[in-house]
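Order of writing sets the labels: A, B, C and D. Residues in every chain begin at 1.
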Amino acid sequence: MNPLIAQIAAHSPGLRDWLALTSVIFSIGLYGLLTRRNAVGILMAVELMLNSAAMNFVIFNRFCLPARMDGSVMAIFVIAVAAAEVVVGMAIFVALYRYRGTVDVNQMNTMQDPVISIEGPGDFNREVMKNINKQYKSRHDH
Amino acid sequence: MTATSLTYFAIAAAQGAFKNVTVSERTAQAFADGSWILAIVYIVVALGGLAALVTLSGLVLIYVERKLAAHFQCRLGPMRVGWHGIFQTVADAVKLLLKEDVIPEKADKAMHLLAPFLSMMATVMVLGVLPYSPILQITDINIGVLFVTAVSGFGVMGILLGGWSSNNKWSMVGAMRAGAQIISYEISATLALLVVVLFSGSLSLAEIVQSQDAGWWIWRANGVGFVSFIIFVIAVTAEINRTPFDIPEGESELAAGFHTEYSGLRFSFFFLAEFINMFVVSGMTATLFLGGWMPFHIGAWAGFNGFMDLIPPVLWFTGKTSVVIFLIMWFRWTFPRLRVDQLMYLEWKVLLPIGFVNLFAAAVVVLYNLYPFPILVP
Amino acid sequence: MIASAIYTVLFYAIAAGTILLALAVVNTRKLLRAAVALMGALSTTAGLYAMLDAQFLAGVQVLVYVGGIVVLIVFAIMLTRSGELLEDNPTLKRKLVGAVISIGFLVSSVGAVWGSPFAIASAGKAPANDALMIGKALLDYGPGGFVVPFEVISLLLLAAMLGGIVIARKTPPTGQPFTSGGDLPGEAEVYHPLSQRDDETGGRAS
Amino acid sequence: MTTEIDIQHLGFAMRHAWLVPAFPLVSFVLVALFIRPLSQRFSAVVATLAVFSSWVVACAIACEYYRLCPPGGEHPVLVPWAFEWLRYQPGFTVNVGVIVDPISVLLMLVVTTVSTLVHIYSSGYMKGDPGYGRFFAYLNLFTFSMLGLVAAPNIVQMYVFWELVGVSSFLLIGFYYQKPSAVSASKKAFIVTRFADLGFLIGVLTLGYFAFNLFGATAPAVSARTAAHCTMPLQPMDFLYLTSPEFLAKFGALAAGSTGITLLTVAMVLVFMGAAGKSAMFPLHIWLPDAMEGPTPVSALIHAATMVVAGVYLVARMFPAFAVSGAALLVVAYVGAFTSLFAAVIGTTQDDIKRVLAFSTLSQLGYMMLALGVATMDSPLGYTASMFHLFTHACFKALLFLGAGSVIHAVHSNEIWDMGGLRKKMPITHITFLIATLAISGFWPLSGFFSKDEILASALANGHTFIFGLALFVAGLTAFYMFRIYLVTFWGDFRTDKAHHAHEAPPLMWIPLVILAVLSVVAGYVPMGKFVSIGVEHAEHHGINFAIAIPATIAALLGTGTALLLYTGSGSRADAIARSLGGVHTLIKQKFYIDEVYLFITHRLIFNLVSRPIAWFDRAVVDGSMNASAWATRASGYLFSWMQTGQVQSYSAWFACGAMLVLLVLWAALI
């Protein structure tokens, strides 16, 4: 037998190699998630991450419980959830684009609360509402 | 070298000729036996066979299409090149290959180059799993039907990319229409497929053909099979963008649709892919509903059946496929083109509900083994 | 032996392809190209599934991801056709931070994986007909059965479908313009961000 | 000997005894949700028909019961219909069912009869009211709750319906919810009865706890005789179980700590607290007079004839338990006696016709309680007498209230001094009112005579001479105040224009009056001792015992005579007596300042001494610590708010860092 072939065969991938591969893909997805500014780009990165996570199920199934199909079933669930996520995500992006003219996540920070006070126990909610009110007013006065 | 390979091939062919093994199994066997060269020969032969099939069937189909179109319209069609214009398509092909390959200035070049290959790839991948005869199948994977459905996604991507990268409004609109249409009709096609899967209990195409030994599913599935056959034919006609579902490339509206900006070899790829697609879906229809390479048998007529068995399986397959191809070509000169809304209406409000009901009925038939009518034909 | 060698070569080849395509997904400037790369990465992942003896899953992966999700993403990109959508060029700072975090994550996770003891089964042959097995597992109950999650997933998909339609349709169902919802002060006022694109708070400038 | 009854082969009405409460319930839902918005008129018809159907079924049940167990014989307790409701653990489930025994049959008849008549009466009385349909829906709900309470075979079901009765009476008292006085009256009734129900609840829990734990999950060791008459196995909360001699013997032996009182007594006094609340016994009576704010038919239904007897019914239902604990029974007797005297005294001075009737109700309820209290298992005459009086009282008190309603309807005032001379204007009301007055005063040959006679006889027979004397005095007082309002209302001159312009009520209103008047006359001739009995010993129907009848009649005559003396002709004689009594009269007129005492206790003492410190503690310490933790959270949130960019990516970066940290820890642990 060709020694080269034997050597190659000796490096047949094991569980840890597979897991390392999924870790790499996950990290790449994470990089995309952190760096992309476009919501669609982020979604694609998330797909990568989901994919690698689903593959982990299959890997463990293959190596640790080969007679069962639980990992495949879980992976199918992950795929289904990913499909649902993409549907809703895309719908949201299209709606956002229609209403705001952008899908840049840097501009999606209306959840950020500019009003935080530490005046001690008081009617916190009312204060926040007042400020939101003010913000709205100023928005509409222009 | 060549002689050795040919010898190997001849020996292998002799060995496996009358066994129901696919080319991929033989290749694997060859690998396992350590006969590298034989394995590589198998691979080369398989790929070469596929290439030949693609080219030949493309040429033939284009010629047939033109001739049929002409005769439907009481014309003669191509008559000049060769006897009855039989080499017309060859001449056209040569002309296309010699033409300049123009890429628009503002196109996304990489995508523009990639798109035709994606389209072609989707088609050829299906050719690889079609069972042409018991011994003539590149590979039989146990998820065959699923595979066929899945790779059609690449075709959609090819069309979408082609339309997008051309940087042309017509192309873009054509691509969007094609994408929407293919995705929509794929659902109905899959629902119809599932009926056959339910009856045969397998996703493997070879097994599905084998399961029709006692009778083709179009007859034997008692009504539901016939309904799903009709749904499937309509849906695949739409999937390959043929009339009456050819709005993605409707000449009167969109110039030539998604491949308006393509020329030369790349255009011929798209063009060829379209015709091969017709062959593929017809082959699938034949495999799923018409018994694939199974000969035509009638009940207990032993003599008749014996005669039918004499005809080689490949011919049976080709014949059935040709019938479906003829049917699809016939549509083109029978039905007017649908509007976009009519198209969507037909899919979502007609075919889809019928498909679901049909699938449910099929499940009931299979579950309770209901065969209300006697089986007269295979 | 040869089969094992081929398997090994195939694994590293496909893994390398997957990683390259994944890198393309996150680094390509043009989003459509990223989508194509995503399609490639997901297809190679299907190949990896096939190598893990999960053919059915490989088919599903191609069917759902390539035929569905990527097409949907491409559609979305095409529908929201605008300059900023087509390209995405993150700043260097962003790239650095992302790289540091993701590489840190990679190192720590690979380290944790490498050090962990796993209970690897010795007889590693997958069932021949995995589609049948998966079908039975999905519709079974009791141990090893997943019928309840299966039903839940079907509900989730239905909800996602309806949600997608409701969110993405052009006019809200009531025919009313888009409002803030009524919980906040000024609920009667119409909030239409398109009309305020040019002021400081809600527009493109930031 | 025991009467053997095959529970499986009962007649239709028995097997479907649930129909009795079901009719009003269905009608309530229909009327409240569907019919009321469509037609006010039709809702009255539906509601009345539903209650009438209940009456028919109740009659059928009564007939069947007394066909199976003929009068004068043994009267077993049947549970012909039940289903499992709450299953706690083996041997402890709570059923919902219908109990059929003499007192429940009697109560069902009384409730459905009075309720039907009140429905008919109300359809005339409430005409033109904007809340016409709502009123009938409430009436149906009330009837349903009361019937469910009566039919309860276990104490849990009774408690549930007990509260439902409370709710529906709350709704009915506050029917005129625009009137502040009605609202406050309904709140008062609700709160006072709720306070009483607290005791009831604790009693129920005590009983249930011991009923289960004394015998455990093993089969309840109660008489096979009673168990044979149930469709389902006996459960610890069932009345049959709670009143079985086996259980009582075991439970009665338990002492409550070192107080020298048995636990049974404690539990029974707690249960009686609930009964006292609902029946408005002395310290908890304050809600009843105010509850007159509801429409007058409601007063007749709730506060005279049916609802307030729920307490009496409960005591009767649990009577064997009370009897085993003699002390609890003594409490019942003396509370009843005191209430009857106390209320009668107040009743002599009130000017509001409904208020007088309310106090008279209190007094009569005291009578019933007293009768129960003097009875024992060995000589259960008082038990029979109490039920008898409940029955007759329901007839004539409903009649009195409906008559008063008729008068109020005509005069548009509650003050008796606004009336006068109405006998000419309203002959039917006058005659029926007179019959009722005579009946309640205890004149032969009307029903009140017989029932009161039996109560007095039972008190004397069991050696409670003091209570006997007191009851005799109250009988005289009753005659006095009843004739007082009768005379002032119907005799003399027209005191106001309103009285002058009064006219007879429409037929829908006077027909029930006539029916009730007939009932008030004949009810006394029912041989109640043969129909209603408890224990092995049979209460003999005494006929007319002259040793008791003569003093009772003399007392009634004295009362009547005094009234005639004082309130015919000019009112100066009454005023003179009132003036000569001075402070005492004022004290009585102000109802012994009980309300004020309550207000003082709640407002001054409890609010200032208990509530305010607790409120301060709540605000300063409890809320303060909460606020402090909230403040700390918010302050720390402020410290870290620079992390809150509002952008998903920065969040996911932090998240990734966290995950990385976890992985590093894992890695470190592995190395």
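Brief remarks follow.
Everything below uses one rule, namely that a residue touches a chain if its C-beta (ideal position, glycine included) is under 8 Å from a C-beta of that chain, and two chains touch if they have at least 3 such contacts.
This structure is a prediction, so every number in the text was calculated from the model and none was measured.
Interface comparison, B-C versus A-D: the higher number of contacting C-beta pairs is recorded for B-C. Per-chain Cα centroids separate chain B from chain C by 30 Å. Chain A and chain D have CA centres that are 65 Å apart. Look at where the CA atoms of chain A average out and do the same for chain C: the two points lie 8 Å apart.
As a whole-number value, the distance joining the C-alpha centres of chain C and chain D reads 68 Å. In chain B, there is no position where the chain touches two or more neighbouring chains simultaneously. Among the residues of chain A, those touching two or more other chains are numbered 30, 34, 36, 106.
Looking at chain D, residues 653, 656 sit in touch with two or more other chains.
Of all possible chain pairs, the ones that touch are A-C, A-D, B-C, C-D. Listed in rising order, the residues of chain A touching chain D in the complex are 30, 33-34, 36, 42, 105-106, 108-113, 116-118, 120-121, 124. The residues of chain D lying in touch with chain C in their complex are 653, 656-657, 659-660, 663-664, 666-667, 670-671.
If you check the complex, the residues on chain C that touch chain D are 97-98, 101-102, 104-105, 108-109, 111-112, 115-116.
Residues 627-628, 630-631, 634-635, 637-638, 641, 644-649, 652-653, 656 of chain D are the ones that touch chain A when the two sit in their complex. Residues of chain C that touch chain B in their complex: 2-3, 6, 30, 32-33, 36, 39, 43, 55-56, 58-60, 62-63, 66-68, 70-71, 74-75, 78, 128-131.
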